[in-house]
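Two complexes come next, and they have one chain in common, chain A, joined by chain B in the first and chain C in the second.
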Partner chain A sequence: MKDKRSYDNHLGIVGWLGGGRWGIERYLYTLHRVTGVGILLFFIIHIFESSLRILGRETWDAVMEVMTNPIFKAGEILVFAAFAFHALNGIRLIFIELGLAVGKAEDPIYPYRSSINTQRSLMIVTMILSALLMIAGGYDLIFLGH
Partner chain B sequence: MKETGYWTWFIISGLITFFILGLHMLIVHLDGMLGIFSHADGGAVVWENVIQRSRSQFFSIAYIILLGAALYHGFYGLRTILLELGIGKQAQQRLTKFLWLTGILLFLVGTYVSLAVRTMEAPIL
Partner chain C sequence: METENQQKRNIIFHIRRFDPELDEVPRWQKFTVSVEPGMTVLDGLHHIKETQDASLSWRYSCRMGVCGSCAMLINGIPTLACNTQIMDVTSQKLTLAALPNFDIIRDLVPDLTPMFRDHVSIQPYIQRDDNKEMENPTREFFQTHDELEEYLQFTYCIKCGCCAAACPTMAADRKYMGPMPLAQAYRYNKDSRDGGQKDRNDVITASHGVFSCHYAGECSNVCPKGVDPARAIQHMKKDLVLGYLRLRKDKKPCQVVGIPTGESKPAIAAPEHTVK
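On to the complex of A and B.
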């Protein structure tokens, strides 16, 4: 444990919440984890809930009747928003891992361009796409009632 | 080496989940606008549409793959977060084993239901 503290970029459990001196991407990292755990929780419940179709039509219809409750509707909207963020942010992370859409590598000539600066436009595009997906899904869920 | 393998599968399962879950979301939450997937009135979760997908070979296979990929991706992600608690080596191994068992159990539940519904004899429509 002790040797980890000598790395200035190791934020430990504090790093679950705070971004330290890092930029907005660091908060997306936190949000990525929060949405991930949220989706996993929903997913486990969803496995059992959707499995109820094995009990036949009457049970299924009764369960779907319960799901029209505004609390579940609000939950669905939240899960969709979490999905829209987590899916597109995940693609962004894979892009960065593979060095895609972050510009060509440059010689380290002063003044350096930090990796954060080269990644920012990818982040902005990703978040715009994510917001559009949330709007589309939210419109469908709230106004079309699916 | 093992951790590298776990991580690579985490990325691969994430990509698989992206595409199949994307399709799932198109069907369940965006089809009100698109109107291409659910043939019976009332949206993706009315019984007729649910059974139609359950009986379809394509959706059975796609959803079982999604189940496995999403469970692996989710539990690996959770494990990454929990390992940051700084627990001991033995506790880490126990946690990994527990998450594997839970994931496999959930996979078996979902796969069993998926296959059983395909051959369900009850009148469907």
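On to the complex of A and C.
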């Protein structure tokens, strides 16, 4: 029964960011979503750009000319970084969601140790691998110009 | 006496208040409380209500971390007011607000109805076909210690709502069931006495159910009872996937223990006295 009006206190998407007092896994959760949307956006633009070939050589050459703009180069680097993080963090989540890194149920004895502590080493390994992949990809894109 | 006074400290309580009859949006109000070591946030709220503002509202009952009524956002972390000593969390300023991701009824009182509605939907009780034995039990059910350990951790839940307040999926998805009901579904699914998994799984695998969790892990970080809902949810996903791929046999509820035969087992010899 609702006799009086109540105040809607849902945090919405702002709740993803928290107030700086949350654990690192929460920020990985947010970053995973943001990079996922970023990669999807890239795919849409990429398919649109590739499909312009159908309009003939002149249009395609014009599009390629636009793509030499440094903004697109920076975007390419960002997309690769997003891919490196999203892929490695996704592998971590697959392990976790198959119950492989969260440990068995245990007696809650204070100070409590949770599954967050159990999966922490997996998180560190995947994030290091993700950083190495970003460095390798960044080096390739910036210095080797591929 | 002098030492006691030296240990006392004035702490400013910033409380997010909301009166449904007067306010459109919540407002912040300051109260200064003389705090001494050992005083909990709940004690501080009582002090304000008794000496400064009788209209201040919050929910509480047991005062010892058992009932789960006094959960609120204390310095940005959802936790129990009765379990938090003021001087452990601040030396100057304390911010208190109602649990987020629920409607506010008044001041620090959240409306937990949606959480309990989802809790009811997962049928949080033992379900078996042998109604006769359930209604008029003759003997206890046979359950090993290992079977008990599989779900015991999740039975300590006090339904305070801290997990839901901390969950980022709850923040953006109003229909998401939330960590508490899902962890409780796992608690009953894993109970060897129970046979209601199918009905329960139909509810939790629907949209906004168990697969909306993406392991931010915040529910387990804030749980005041160490229940670890995130662990329960991940194990439940594993069980559901293995069940879907038919890599896991359906569990049959355990039976009652055998009828006592009246024969006594050989006595175990008492250990020798360590002091002669």
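Remarks
FYI, the second predicted complex is superposed on the first by the 113 of 146 C-alpha atoms of A that agree within 3 Å, B and C clash if a C-alpha of one lies under 4 Å from a C-alpha of the other, contacts with A are read in each partner's own complex, and residues count from 1 in each chain.
As a convention for this text, a residue touches a chain if its C-beta (ideal position, glycine included) is under 8 Å from a C-beta of that chain, and two chains touch if they have at least 3 such contacts.
Predicted model only: the values in this text are computed from it and were never measured.
Once chain A of one complex is fitted onto chain A of the other, the partner contacts of A:G23 are limited to chain C, with no touch recorded for chain B.
When both complexes are overlaid on chain A, the residue A:Y112 reaches chain C alone and has no touch with chain B.
Of the two partner chains, chain B is the only one that A:R57 touches; chain C does not reach it. Applying the stated contact rule after C-alpha superposition, one finds that A:G36 touches chain B and leaves chain C untouched.
Of the two partner chains placed around the shared chain by superposition, chain B and chain C are both touched by A:E97.
Residue overlap on chain A between its contacts with chain B in one complex and with chain C in the other: 12-13, 16, 33, 97. Taken in their complex, chain C has these residues touching chain A: 18, 20-21, 23, 25-26, 75-77, 98-105, 110-111, 149-154, 156, 166, 168, 170-172, 174, 214-218, 220-221, 223, 225-228, 230-232, 234-235, 237-239, 241. Contact residues on chain A toward chain B in their complex (touch as defined above): 1, 12-13, 16, 33, 36-37, 39-40, 43-44, 47-48, 50-51, 53-54, 56-57, 60-61, 64, 67, 76, 80, 83, 87, 90-91, 94, 97, 136-137, 139-141, 144-146.
Considering their complex, residues 11, 14-15, 18, 21-22, 25, 28-33, 43-47, 50-51, 54, 67, 70-71, 74-75, 77-78, 81, 84-86, 106, 109-110, 113, 116-117, 120, 122, 124 of chain B touch chain A. Within the complex, the chain A residues that touch chain C are 4-16, 18-19, 21-23, 25-26, 28-30, 32-33, 93, 96-100, 102-110, 112, 114-116, 118.
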